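You will see two complexes here that share chain A, one where it goes with chain B and one where it goes with chain C.
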Partner chain A sequence: MDLTFYIAATIALFATIMVVINTNPVHALLYLVLSLLSVATVFFTLGAHFAAALEVIVYAGAIMVLFVFVVMMLNLGAKTEDQERRWLSAPAMVLPAALSAVLLWQLGTQLWPRGYITAAGLQEVTPKMVGIALYGPYLLAVELASMLLLAGLVAAYHLGRHDD
Partner chain B sequence: MFSWITPDLIAIVWGMVKAIIILLGMVLTAAYMIWLERRLLALWQDRYGPNRVGPLGLGQVIADMIKIFFKEDWMPPFADKFTFVLAPFLAMSLMMLAFVFIPMTPNWGVSNTNMALLFFLAIAGLAVYAVMLGGWASNSKYSLLGGLRSTAQTISYEVFMGLALMGVVIQAGSFNLRDIVAAQDGLWNVFPQILGFIAWVPAALAVVHRTPFDLPEAESELVQGYHTEYSGMKFGMFMVSEYVGIVMVSGLTVTLFFGGWDAPLWFDRIPGIGAFLGEQIPFVWFAAKTFIFMAGYILVRAALPRPRYDQIMSAAWLWCLPIALINLLITGAVVLWRAGA
Partner chain C sequence: MNHAMTTQQLTALLPLILATLTTVVVMLTIAFKRQHRLVAAMTVIGLNLALLSLGPVLLAANGEPIELTPLLIVDGYAIFYMGLLLVTALGVLTLCHAYFEGYAGNREELYLLLAMATLGALVMACSRHFASFFIGLELLSIPLYAMVAYPVRDSRALEGGMKYLVLSGAASAFMLFGIALLYAETGALGFAEIAAKLSAGRPGILLAGAAMILSGVAFKLSAVPFHLWTSDVYEAAPAPVSAFLATVSKAAMFVVVYRLFVNIGLFRHPLALDALTWVAVASMVVGNLLALRQDNVKRILAYSSIAQFGYLLVALVASGGRATEAAGIFLLTYIVTALGVFGVMTLVSSPMKDRDVEHIEQLRGLFWKRPYLSSIMTTMLLSLAGIPLTAGFVGKFYLISVGVDTRQWLLMGAVVAGSAIGLYYYLRVMIMMFQPIPVRERVSEPLNWVQQSGGAMLMAAMALVLVLGVYPEPFLQLIRSATLALR
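Presenting the complex of A and B:
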């Protein structure tokens, strides 16, 4: 499981970098799918099987499908690739890289183990545990999220309405 | 000398051998479904079908396979090379992968995981990429339209496919397919979960893109849809993946709604041979039930015309989704009421 974790994490890093530097929009999205799948593998090795399955079902299997769907429909050609290549210059990368470095440093200082290190994946998080947590201490968050989704649904219905 | 042969090692090797036997059996079944489909369609249309090669025409599949292997594997120069090759492999491997969760008998079945049904939904969600990428990478208008249709259809039908199956999960209290089979001892899920089953059948048809849900490759309007530009074995993989999908989805239907390897009706209560029928031949029951559903897929193709695209989409959102939600509500209420809450 340790080895699987490191392999999946390496693939995730590689795929995410490819998402940024790839100039073909569909290829970039496919790298993003690969990145999500390897993150799901990371979740799996850590014992969060339910989160891993949801990562694949929701992100890779539904949201990314819609992304690829839209990009496919736009049918961006060689012109877009040239444009992307021009935009991907070294000066354009400086500020985003700096911003990412600050974010990484923040995360690192928060997550860095202080004195003790606990091994992950010792406990399997079952769907039942997730459900009890969601409908127990996090009930308010679930309700708020559902209201947000309902608002999104109503808005999408309104935008897709036929005027006749 | 043989001290390295531990019981663990034997168990691991035996498990691998079993997995390979199941894989080969499943792929062979899928390949022979092509023959079965052609013969059954012929029977229902009052003609013979392929009956020349070998006894009953059984050699037809082998002849077709040899032919398709030796055909020129042509790739259109305007195609996106890597994705073009990736798509048929994805189609084939994902459909085969989904079969690992299906338990055939109490002892046979590749995987025994507590998340089986969720992993099936994950694989079904990823399977749409095969059609999408095939349609996009071909770089032709018919293929792209086929890919787009297929994506919209699959996303719509996946929404309530998961919801339709959650009733079964609530009843069994587990995502493990073995637990789900065990929970159906006595009463098969198809009776209490009839609404879930009604929603699941079109979703299962849509997952494998069979008639009447074969709009992505509707030949009268889209040539061959997403695999118009494919030839040789790459096309063969798309075609066989459809049949692998049928075997897999039929097996899953049996597991989820028809008691898996459980003997039907009163067969296990026949005096004398009841114990034998009920306990000793689980695979026969599983195979027989799966065969009925596989033949059902062919009958559907023979009997139903292809509906319009907008009719398919409104059937999903206006009928199947509400049915699945109502089923979920009723199942949850009944289970809670029985538990005394």
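Presenting the complex of A and C:
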């Protein structure tokens, strides 16, 4: 379990550095997806399964895919198709794919014999515990977070409008 | 554990509930009917109701703090500052109406954003937990990004908004990292819980966490060396938004940080206090020096606000005891004065044009055209400089007396030096307004601004500055009784 943590943490560090130093936006985003996946693995090893699943679904799944789409759609046209093909060439994808495979292999070896993982952290945090915390002591935080989302929405709406 | 709310707790939540309700109602109003005056009026009514609801809260509290879940606490301190923040936000609202009449695009969203930012400030005033602290801070900051860049077609405003967004995001990240370090060592997020478990943590990591939190805080208070954004953003933002940045945004941050300092002993560690002392000294000296050679009045005011918060940090270094009172009186006088100064700058530029009136030459001879506004500006500038018989003097007097009591000689030296330098550029703006201009240009501009809410607000602010300067006793009593909880 310790080894899993260290390997995942190393991949996270490496991938994040690649995000920062990469000059190609699409390649940087690929590494960002990888970085988020490895952070999810770190959460998993700490016993926060729910947070790990959310990290994969929300960040790596929804937000990053949206980023990649937006970056690619911003410059539409025949000329840019070549560019996109060059962006997603096989050599650029080798390293992120290989490192993702390492993460998958880690997950597999952990799950293989028993079908569950014991946490390296102090205790496992189940979805039920998260729910009870959010709607118990942190109820007001949840309500305020909804206002925060509304604020972001209104701000984005106002700044994004250009037809007035 | 039972988390059901009692009537008393729901009453204590009233200001927050009413501010939230204002946001929702204003949003629905915009959806049905876009009308500037109507939306502005709805917002003013909503925030006024929130202000009035502080009465029932006071009755329900009856002198005792009301705890609302582990996140919030409504005590005298929180009630006093919620009132101050709401009144300030209402003052900014009155300025917005006159100013944004001149804006061609959608004017209504501004009120929505302002109401949400005010809600964030209220949350910060009563938070006693890092989760509510951080959510309140973000709820204050995110609407501000859009408010700074509100005239979206103006590239200067967009640039200012972008600068604020990126730098403020970085500051929030720093703060979050610091909070995570404290949590890793103590396993708690509540201020009191962290204070109770401090001895279990490793001091090195705890101090690193405290340092990261303080750097995030210093960014929001625009203390040197985290001040680089201030002058650019204040200059780029519409004048009433600059007023909001200089008053509500900074005050809310100071209020919650003061509670943090009083509650958690870690922030009173000698190293943390040394760092804070140097930040304060640097803010006073650098802020005042940078303002000297500025010709842009908005930038002068930005640098002056850096210096003013340098003075206020004296109370934070001394935290506890009489410093609570001194911080309260200084914050009150600063807010009234800053609102007045930015208010005059707003009304001079209203209704909004391509560029605000901001170059010092544009103020030349203002007295011969708009004598009342110039008089208000003069009073406010004198108050910022700390001249006796104005509010600024009383605030500074209290800070210096606290500093002398706690033997902060370095800070006291910086306060004196800073005030001396500050006098130069405050007087420079003042003299410019009284410069003679050719007689044919000496037309008095229409006086209708006095009847407008912005003008009335400025008159009230000037009266308050003078009353505070001449007879501060009632206000001192109020602050003394309100801040008993944090002495």
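Structural remarks
Here is the rule we use: the second predicted complex is superposed on the first by the 102 of 164 C-alpha atoms of A that agree within 3 Å, B and C clash if a C-alpha of one lies under 4 Å from a C-alpha of the other, contacts with A are read in each partner's own complex, and residues count from 1 in each chain.
In this text, contacts are C-beta pairs under 8 Å (C-beta built on N, C-alpha and C of every residue); 3 or more make two chains touch, one makes a residue touch a chain.
Given the structure is predicted, the values throughout are model-derived calculations rather than measurements.
With both structures placed on the common chain, the touch criterion links A:151 to chain C but leaves chain B unconnected.
Once chain A of one complex is fitted onto chain A of the other, the partner contacts of A:49 are limited to chain B, with no touch recorded for chain C.
By the touch criterion defined above, A:72 reaches chain B but does not reach chain C. Residue contacts after overlaying the shared chain place A:141 against chain C, while chain B stays out of touching range. In the overlay built on the shared chain, the residue A:92 is in contact with neither chain B nor chain C.
Shared-chain residue A:161: touches chain C; no touch with chain B.
Once the two complexes are overlaid on the shared chain, A:57 sits against chain B while remaining clear of chain C. With both structures placed on the common chain, the touch criterion links A:104 to neither chain B nor chain C.
Residues 26-27, 30, 33, 49-50, 53-54, 56-57, 60-62, 65-66, 68-69, 72-73, 75, 126-127 of chain A are the ones that touch chain B when the two sit in their complex.
Within the complex formed with chain A, the chain C residues making contact are 1, 3, 20, 23, 27, 68-72, 104-106, 109, 112-113, 116-117, 119-120, 123, 131-132, 135-136, 138-139, 142-143, 145-146, 149-150, 152, 161.
On the chain A side of its complex with chain C, the touching residues are 136-141, 143-145, 147-148, 150-152, 154-159, 161-162, 164. Chain B contributes residues 80, 83, 114-115, 118-119, 121-122, 124-126, 128-129, 132-133, 135-136, 144, 147-148, 151-152, 154-155, 158, 162, 175 to its touches with chain A in the complex.
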